[in-house]
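Here it is: the structure, laid out below.
Chain nomenclature is as follows: A, B, C and D, assigned in order of appearance, with residue numbering initiated at 1 for each chain independently.
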Amino acid sequence: MTHDTIGKKISDYKSLIFEKFNGSIEKIYNKNYNELCILTSNPEASTKVIYFIYDNLKCRLVTMICTDERYIENRLDRKGEYNNFKNEIDLMDKSHNGFSLRHVFSNEVEDIFFIVTSVLSNVDKPTYPSIVSHIPSAVYYEREISDMFGVIAQGNPDTRKLVLHEQWPVNLFPLRKDFDIKRRIKRRLNDHYEYLKVEGEGICEIPVGPVHAGIIEPGHFRFSVYGENIVNLETRLYYTHKGIEKLAETMTLSEALLLSERISGDESVANSMAYCQAIERMASIPIRKKATQIRTICAELERIWNHLGTIAGMCTDVGFAYGSSRMNILKEKIMRINEKSSGSRLLFGINRIGGVKVDIKPVILHLILDEITHIRQDFDNLVKSLQNTSSFMDRLKGTGIISNKDVLGLGANGVIARCAGVDVDTRKNHPYSYYRYLDLENIQGIIDKISYEVELNKRKGDALSRFEVRVIEIKHSIDIIQKTVTDILDKNAKNDNIDSDVNNDDILFFDSLKSHLKPYDSALGYAESHRGQTMHWVMVGKDTNRIFRYKIRTASFCNWPLIELAVQNNIVPDFPLINKSFDLSYSGNDL
Amino acid sequence: MPIETSASVSDILIGFIQFMIIIILAPLLTGIMRKIKAITQKRIGSSIFQTYFDILKLMKKNEVISQEVSWIFRFSPWIIFSSTLVVAFFIPIFVVYSPFGLGGDIILVIGLFGLSRFFLMLAGLDVSSAFGGIGVSREMMISSLIEPALFLALFTVAVTYGSTNVEIIMSHTAESSILISASLLFSLFGFFIIVMAETGKIPFDNPATHLELTMVHEAMVLEFSGKSLALIELSQSIKQLLLMSLLINFFIPWGLSTSFSISEMIVGLLVFLLKMVSLGILIAYIETKVAKWRLFRIPDLIFLSLASGLMGIIFLFI
Amino acid sequence: MIRRLIDMINSSITLLLESFLVISIVLTPILGGILVTIFKKKKLVEIISVLSTTFVLFLTFLLLLFIIDFKKITLFNEFFYLDSLSMIILLLISFVGFVSSIYSVNYMGKQYQDGIVDDKHLVRYYQGFNIFLFTMLLVPMINNAGLMWVAIEATTLISVLLIMIYVKEDAIRSAWKYLIIATVGLSFALIGTIFFYYANIHDPLLQVQPEEDKINWTNMLENSKSMDPMIVKIAFIFIIIGYGTKAGIAPMHTWLPDAHSESPTPISAMLSGVLLNCALYGILRFHLISSGSIGPEFSDNLLIIFGLLSVGIASFSILFQKDMKRMLAYSSVENIGIVTLAFGFGGFIAIYGAILHMINHAIVKPLMFFASGKISQKYETKAMSKIKGIITIMPITGIMFLIGGLAIVGLPPFNIFLSKFMILSSGFSSDHILASSVLIIFLAVIFIGFIRNLVMMSFGKPKTQIKSGELGYLSIVSMGMLVAFIIILGIYIPGPLDILIHDAVNIFQQI
Amino acid sequence: MMYNNILIFLSGTLLIATIVLIIKREFSEWVQAYKYQTIVLSIITGVIGYITNNWEIYLAAIITFSLKAVIVPKILIKVTEKINYDFKIETKPYISTRMSLVVSTILVALSYFLTQQIHLGEDVIATSFLPVSISLLLIGLLVMIGRKIALNQIVGLLILENGLFLFALSLTHGISLIIEIGIFIDILVGIVISSILIHRIGYTFDNIDDIHQKPASIEYTEEDD
């Protein structure tokens, strides 16, 4: 989809929404070529718009962003945000001081994001109507915002704390601008977290974690079991909250890039790519094609090694040592490719704003091509033997089923959504980087579009379908890498000497970047990590080299609630398998 | 040819040597099986003597005992260990002679194993941790099926050779023809499944897992530390060796020495070790090739053992 | 001297002719199948099939002359064995095959026009048709009981292929059901066959001595006196369950309604008209052997029980049937039941009636299927409640359908009346009065159910959107032939046929 | 009898191979187990050939091995490769695994009881294998009745077929080769046809339960005109 057609679509939607909610919309404008921003007059009006977008335009809630805009001195500084709008400055009135709340929706058919903004002008006791009753997936966002900003969603049935634990002082909201990052907090247990109680004869509780056997991150699981059957599971996360979003506000754009790579160690490419794209979209700077190609290759390599690791983990968790050791060998091979091409086994330090830091040389590209073909063969054989190991398949089938309805309701994405037959893939729905040039549906060598949809509809949402989705995605990623690498090599062959110094050309200094950015401008950046869509939102400050607000929403955040549903009516010994088949990140969640 | 009961000093010495061999070799067998598993998984794996090091290390360590536990928790490792040791006295491994020969009844052997399992389960319940309880309930589910299957399998053997005394059975098997009859084949098959289940091998239990939620045997042992853990590990190894040697000597008795001549005994010992290692390789291979079964399908496998044992009995009376 | 020479020459010429006939009968369908595979054009394929079936029918008539003369023919070191009983079956197969092939041209042509089948399926259909015919032709001619089992199993497999020509859920479901049930059933038949063979070779004093020709009918019949009665009894039970499954005898008939209603109409006609008879032929052969060994009571009683059960189950199924083709399928179960019952009655008239009924049924049932195929093509449904006024819409087909329907319930001017009458009268005159009275009740039930549906479909005001008019004339020709036979056989039985049936009855009487 | 022991031993092995088949749930496992069963069967056939000194039985052993232990499993695995996994695993059989294990034990006992009613004389082959073959037949039927998914009915059929083969072999020491070849061809064709059917089932039916439903009923509403 080209920019022009999207522009046209957006203007269609713009007039549609504007006509329908004429009174309640203050401004409606588009920016960053696919974001349609709707500024409403008050939160209640915003709710109506939200419901309209959710119900009638069939959009998904992808994130909710709260920003503390109480202390922005000169509203006129924000004009950058509205530079596309016709009657610009005169609308900047005082009522825009306060907390502003953005609901971001994405249209999965057309490449459009709707950002519904409402400003909560009551600074002392900021509240807004909750949308949970209508859009269940908002529940975690609302709880998070209430913890971090003290902005309360009225009507949210779950008023417990989500992010902040019991030791944190009451009425201290870390993401508010008046919270000093250097402030030392006296931790004291002053609250008691109330777990859901399941009562009845023969029901026991099993607490597991937060410290687990084996080297995994902390998370507390509370099972209510009847015999071996799990009646209910409640997860409690955020044991390693790192304060990334607050930390980012003290950083320059280039520093925050390093931070974004470290949000979740195994999604480094996806996260940093999303961050870079946010800045790039904001500044509307063009990126060299080769840079996008290298980003794509790295992103897909990351996807492959992580999926391989997950499959290996699933094998380990069912005690199938053969599968796990072979899968780990393949994973190691990919990681060695990573090291050869980028210098980092975990693919750190690939992206930079406006381009990439590393240039993959043709020799290495050939090597990647060779290796990846071998890996593909080995992988195919291995998958076949896994599929023929019925004790393995038997464990997967019917384990941890999630329904299509749950996925849609709770807004899960990535593998978790696709395993239940919901076709959400940021690479396809909102193509970015080099994916725009790849015909993703036909590159899926094994499946054409129609049979892909048939396959999709047959998926049951159990561990087996998650396994199958991962297998298909690994093959798909290998295809993408092969295609991209050959594209680069073809181009190199055509004009050998002209492009030899890509690297020097590519450098984009922050001075030049600065000229592209306007104060208080913001943009969405998104990428599809192996877990699913990772959604970043960056707002630069008055000094355009500094970050005003950096909101990160990784796929894990959306997918954690699903695991509670998935384990119900399964038996306790199957939980590790279900958990592994979800492959969720604690670190990517506990930002 | 039953061996005369009037045992001379040398006889007792030989019996004692057998006993010592069992105690000493048991951890080695565990080590070898771990090594084989590692090799099949393309790992280097730890040394085959690692189990000894582990036990020695554990012996030196202090115990951490929960305040909630009663005397059962403290004593059960000793009870488990000593009951396993007593079984070790009953079962001849390469010479058909055991010091406590006459007392060595198969039913007593099963009973002693049952005793040790009982105390392990008590200890698991005693610590009142959630995992201990889970492990115990699973163990109870499995063992309630294993024991009838074990009885059925050994019943066929006992009837075939006309005795329940381990030593007498072995003295018969040592002379029986190489080709075992169909009924014994069935009970061999059933017994093999039971050995896998009793020693916590992979379709039943995964001893190498770190996931508390999936454990069976390990979950009960979770709270033990130091010497107690060492004792339990050692008795587990010994139990494994004893069960496997029962299997070998009942069903594949070739090369079992019946007299006390030195040459025959050496041959017997070597053949025994060879058979033991090959059985270990077989089990390790199965462990690599199969994933752990879903908990509620495990009874299916034990039912297979039961059915096999029943068929053995049918064949016995044809 | 010269006379002897002439006799020798005469007999060798006869032998040569017979061998030629038998071989050609067997090979013609195969040749047809091969030619169909080579020429894939619609027209050519149709012509080849019609020609091959015509030729087979012609050859069969020639063979008939020999059989009437010589009573029995054994050829190729006793590999082929033909007597009057098998000749009747052979005659039915080639006749119904002939009629079906003519009908197929029209029927499959219409399907082709409607886009239900494409070229590939059409070729596959005619290949299957020819090979199906081949396997069925083998059944009555082979002397070897084991190979006959192989041939019957082969008919199952080929007919499964023919049923699943249409890729529809129901067709696949019924093909699967048919395949599984028939194969399991036939496994029982093989067990029975092996038991008979064992009884033949087994000597209590000596060891088992396998000999090749001891599995032949002729040999088994000769030695039937010396067989172990216990084994013969077990064997016959297996046989009647096994081949009975294939013959659609209740309670093993469950595959039949599905398979008959889902397959293409000409195939339904063949399945119902002759395939059931082929399987029944297997039972009859073993019935002969069993009677020779342990006397007729045992097998007679079994035949009566199973026959009566079939008629009973079929009668109540027909009463509540809503699907036209399924109703016809149940009617097949009923008629096979009547034939089985009649063979169980024993005695000259009953067996004569049974054989005549076999023939009559093989003539009437294809007519019914053909007509119902046309009707369902016209109305595009098989639900009887939606079919009304056939006579007004398709006058010729409608009348023929009505004739067939009246014939099948056994109304007087038509052929089935004759055979049913013979069977019932012999039943009442012998000591099977109870069975006969029960049979009469069931027949009455069938009469009510059948006539009600028949009248409802034939008369009444049809839906307006259905255009009146016939579909194709070749099919009318084929149906016309059948109607002619129905009427002729209802009035008198032609001389050669009478002789043939007499001979066949004599085979049963000799035991 | 000198062969007595080895024959009994072999029949035990065959029975073990058969009961192991029962606890399997997944199709590829079934085929694998069937393969082992058939290998044992062809060894038995070879031994019977040796005892009766009949070259035809040797030939039958070779055909059994190559056809049923090599070709048929390959075809079945190949055909089912593309089929949805749901069609291949038996999650809710009509008769549970444990129950069918118990029942098959009873069936084995029953078949031994039944064969003792038939007077077989001194025939050592028949006395040792006839009961086994009958139990194979019965277990095959049990599997066909007790399992829900269509693929497992094929395996049931194959077990039954194996039982039939052994039955013929043990009772009559080999019916003539031409019949056996005919039976083999029938099996092969049957497998091919059933695999075509399975293939169609795989893409015609969404759900395994569909195949067990009654054929879609036609609407029988009486229309007033």
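In this text, a contact is a pair of C-beta atoms (placed from the backbone, for glycine too) under 8 Å apart; a residue touches a chain by one contact, two chains touch by 3 or more.
Every value quoted in this text rests on a predicted model; they were computed, and no experiment measured them.
Enquirer: Quick check for you: compute each chain's CA centroid and the global CA centroid, then name the chain with the smallest gap between them.
Expert: Closest chain centre to the overall C-alpha centroid: D.
Enquirer: Give the chain pair, either B-D or C-D, that is connected by more C-beta contacts.
Expert: Answer by contact count: C-D.
Enquirer: Which chain has its C-alpha centroid at the greatest distance from the C-alpha centroid of chain C?
Expert: The most distant chain relative to chain C turns out to be A.
Enquirer: Round to the nearest whole Å and give the separation of the Cα centres of chain C and chain D.
Expert: Measuring from centre to centre gives 30 Å for this pair.
Enquirer: Measure off the straight-line distance from the CA centroid of chain A to the CA centroid of chain C, and report it in whole Å.
Expert: Chain A and chain C have C-alpha centres separated by 70 Å.
Enquirer: With chain centres defined as C-alpha means, what is the inter-centre distance between chain B and chain D in Å?
Expert: 36
Enquirer: How many angstrom lie between the CA centroids of chain A and chain B, rounded to a whole number?
Expert: Here chain A and chain B have centroids separated by 52 Å.
Enquirer: Return the residues of chain C touching two or more other chains; collapse runs of consecutive numbers into ranges.
Expert: If we look for residues of chain C contacting two or more partner chains, we find none.
Enquirer: What residues in chain B touch two or more of the other chains?
Expert: 297
Enquirer: Provide the full list of chain pairs in touch.
Expert: A-B, A-D, B-D, C-D
Enquirer: In their shared complex, at which residues does chain B touch chain D?
Expert: Going through chain B, the ones touching chain D are 177, 179-183, 185-186, 189, 297, 299-301, 303-304, 306-308, 310-311, 314-315, 318.
Enquirer: Which part of chain A faces chain B closely enough to touch in the complex?
Expert: So the residues of chain A in touch with chain B come to 204-208, 213-214, 227-228, 315, 317-326, 329, 389, 391-392, 394-395, 571-576.
Enquirer: So in the complex, which bits of chain D are touching chain A?
Expert: 24-26, 28-29, 84-86, 89, 91, 206
Enquirer: What residues on chain B touch chain A, complex-wise?
Expert: By the definition above, chain B touches chain A via 37, 40-43, 130-131, 133-134, 137-138, 202-203, 206, 208-214, 287-297.
Enquirer: Can you list the chain A residues touching chain D in their complex?
Expert: Spelled out, the residues of chain A in touch with chain D are 387-388, 390, 393-394, 397-398, 458, 460, 464.
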